[in-house]
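Each structure below appears as C-alpha cells.
Note that chain A is present in both complexes that follow, paired respectively with chain B and with chain C.
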Partner chain A sequence: MAKAPAGTLYRGREGMWSWVAHRVTGVLIFFFLFAHVLDTALVRVSPDSYDRVINTYKTPIVNLMELGLTGAVLYHALNGLRIMAIDFWEKGPRYQRQMTWAILAVFVVVMVPGAYFMLEHTVRTMFGSAT
Partner chain B sequence: MTVTDERPTVEVAEHQRLVTLKIRRYDPEVGPEATWQEFQVPVEKGDRLLDALHHVKWYIDGSLSFRRSCAHGVCGSDAMRINGVNRLSCKVLVKDLGEVITIEPIKGLTVLKDLIVDMDPFFEAFKSIKPFLITNGNAPTRERLQSAEDRARFDDSTKCIMCAACTTSCPVFWNDEAYFGPQAIVMAHRFIFDSRDEGADERLEILNEKEGVWRCRTTFNCTDACPRGIQVTKAIQEVKRALIFRKV
Partner chain C sequence: MTATAEGAAPVVIEAPRARRTRHGKGSRTNFEMYSWIFMRMSGLLLIVLVLGHLLIMNVLDSGVQRINFGFVAGRWASPFWRTWDLMQLWLAELHGTNGLRTVINDYAVRDSTRFWLKMLLYTSAFLVLVLGTLVIFTFDPTIK
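Right after this comes the complex of A and B.
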C-alpha cells in the first residue's frame, strides 16, 4: 500500500514507551562510548593532545551533555533491572507497569540532586555568585 | 479517492446522539493511496462500535469494507485499530470512545481494502508451531485424563480466538513480518504446557529460531490489546524460561 496521509501513532502504554526510551538511551550511550573510546585512546598517542582535547570539553554545553548522559545511563540501567525482573521473576509481567513508575520515581529522586551538583559549577561560573 | 466531508443533515432521534467516525480507507481500484473519510453516525447509549460501522455500511456508504461474523466477541473477525489501539469493534462501546473515533486497519499486515488486511502471514505463523496434539506410541483406548491442576497450567492460552489484535500491536512484528508474533507463541504455549501433549521439545525448538520468542521486547502492547484478557506477554515469558531452563 502506498503511503500518505499517515496513520496515527499506536497508542501503547507504559510498556511500549519504556521500550522506546530504552532504545533511545541505548543508542545515545553507544555514541558516547564511541567518542569516549576515541578520545581516551588519544592518551596513548600523545598525552599533550589528550589534554588539549579534554580541555575543549570544559564548556557549559558539554556539561549539559554530561547531565544527559547521566540520565540516559541511569534510565537504561534501571529499566534494565525492570526487564530482568520481567524475564526471570514469575510475577514480573503482572507488575511491569508498577515497576515502570517505580524506576521513574528512583530516576527523579537521583536526577534532581544529581543535576544540582553537576550543574552547580557551571551556573556559578556563568552567572557569578555572591561568595 | 478524495477526502470527502459531506455532512448531510442526519436525523437524530431523542435517545440518540451524533458521533464522527474517522475511517482510514483504501481501495486499490480507486487509488493507490489511503485516505481518511469522516461519517456522522447517530448512536444509542448501548451501541457497540460495530453497530456504528454497520450504520455506515447499510445506510451511508455500502463500499466500506470490514470483516465481522458473530458480532459478539467470539469469532475474532473484527479486530481493528480504534483510537490508536487494537480492539474488537464488537466489544467496545461507542460511549467509551469520545466524539470523534478514529478507525484504522490493524498494523503490520498488508491492507487489501479499507479495514481488511491479508491474514495469510498471521495464519502461516500459527500453523508453523504445530497447533495440534502430538503424542508418541499407541493411542489409549479411553480418553487422555488430565488433573485440574494440569489443565489450569495452560488455561489462559486456550482462550485465544485468533483475531490478530496482539500480533498486529507488536512493534517487532510491524517491522518484520517473519516474526512469529504473540499469537503463534500463545498457541504454542497452549500445547507446550499441556500435560497430554508430547511435542513440547519440537515446538520449543521452532520458537528458539531467529524469528522466535527471543525477538519479543516485552512492550506489553499485546497484553493490552487482547480482547480475551490473555496475559500474552506472560505466556511468551514462560516459553522463554522453558527454553532457558529446559523445563516445562
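Right after this comes the complex of A and C.
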C-alpha cells in the first residue's frame, strides 16, 4: 500500500481537521449567540432579571464554559484568516499546513494570558483565602 | 446517465472551472458566490467586532464579574457601542445562519428534512435579529 500522502487542502491531516474544527466551533458559537441575544434582551424586562441571569455567567462552571467559548471563537477567527489566505493569497494553498500550525501557535499565545484573566476571579474565590 | 427517483439523484461533480449551465430553479443567480464573498467579508469585520467584544467583556477590568444592568446602560449611552453591537448582531447572525445553511445542506439527505431544518433556521434568525435590534433601539436605562 502506498504511503499516506501529506494531505491535500480538505482531505486528511491538517487541512481536514482544521475544517472539522471550524464547523464544530461555528455551530457551537451560533447556538450560543441565540442564547446570548435572549439573555441580553432581559434588559428590556427589568434590571433585576438581567442581573440575575448575568450572575450565572459569573459562577465557576459557567465561567469555565466561557473560556471554552472564547477558545472556540478565537480558533474560528484565526482559522477564518487562514481560509482567506488560502483563497486570496497565491501561495496560500501551498502553505495551508504551515498556516494551521501558525494559527495554533497564536491560539496558545493568546489563550494562556486570556485564561489567566478570565479565570482569575473564580480561582481566587474558590481556592484563595481572600474574597 | 438516466434520471433516478427523488432523493437518490446521481452525484455529478462538474469541473471546477466549468461554465454554470442553467437548469431548474435556484441556479439562475449567483447567490452562492455572493454568499461565499459575504462569509469572508463579514468574517473579517467580525474578527474585529467579536474579539473586541470578548476582550472588553471577559478579559479587561475584571471581565464578566463587573457586568450588570448599570454596565450595559453606561455602554449603550454611547452611539458608538450601540452601533458596534448592532453591526455585531446582524453580521454574526447572518454569518452563522449562512454557515448553518451550509451544514444543513451537507448533512440532511432528504429534501423535506433539509427544507424544514432550514425553515427552523430562518425563523430563529428572523426572531433573533428582530428581538436584538428592538432591544438596542428601544433600550431604556430608567426602566424599573
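Convention: the second predicted complex is superposed on the first by the 117 of 131 C-alpha atoms of A that agree within 3 Å, B and C clash if a C-alpha of one lies under 4 Å from a C-alpha of the other, contacts with A are read in each partner's own complex, and residues count from 1 in each chain.
Simple rule for what comes next: contacts are C-beta pairs under 8 Å (C-beta built on N, C-alpha and C of every residue); 3 or more make two chains touch, one makes a residue touch a chain.
Being a predicted model, the structure only gives us computed values, none of them experimental.
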#### Entry: First, second, both or neither for A:T70, with chain B first and chain C second
second
### Query
Now for A:I86: first (chain B), second (chain C), both, or neither, which partner does it touch?
first
### Query
Should A:S46 be classified as contacting the first partner (chain B), the second (chain C), both, or neither?
second
### Task
Considering only touches as defined above, state whether A:K58 meets chain B (first), chain C (second), both or neither.
second
#### Entry: Partner touching more residues of chain A, whether chain B or chain C
C
### Message
After the superposition on A, what does A:I29 contact: first (chain B), second (chain C), both or neither?
### Response
second
### Task
Examine A:V37 and indicate which partner it touches, taking first as chain B and second as chain C; both and neither are also allowed.
second
### Overlapping contact positions on chain A, where the chain C interface meets the chain B interface
83, 87
### Query
Which bits of chain B are touching chain A when the two form their complex?
24, 26, 32-36, 81, 83-85, 102, 104, 107, 110-111, 169, 171, 217-221, 223-224, 231, 233-234, 237, 240-241
### Summary
In their shared complex, chain C is touched by residues of chain A numbered 23, 26-27, 29-30, 33-34, 37-38, 40-41, 43-44, 46-48, 50-51, 54, 57-58, 63, 66, 70, 73-74, 77, 80-81, 83-84, 87, 114, 117-118, 120-121
### Query
What does chain A use to touch chain B in their complex?
1-5, 7-16, 19, 83, 86-88, 92-94, 96-97
#### Entry: Complex contact set, residues of chain C against chain A
40, 43-44, 46-47, 50-51, 54, 58-60, 62-65, 67-70, 72, 89, 92-93, 96-97, 99-100, 103, 124, 128, 131-132, 134-135, 138-140, 143-144
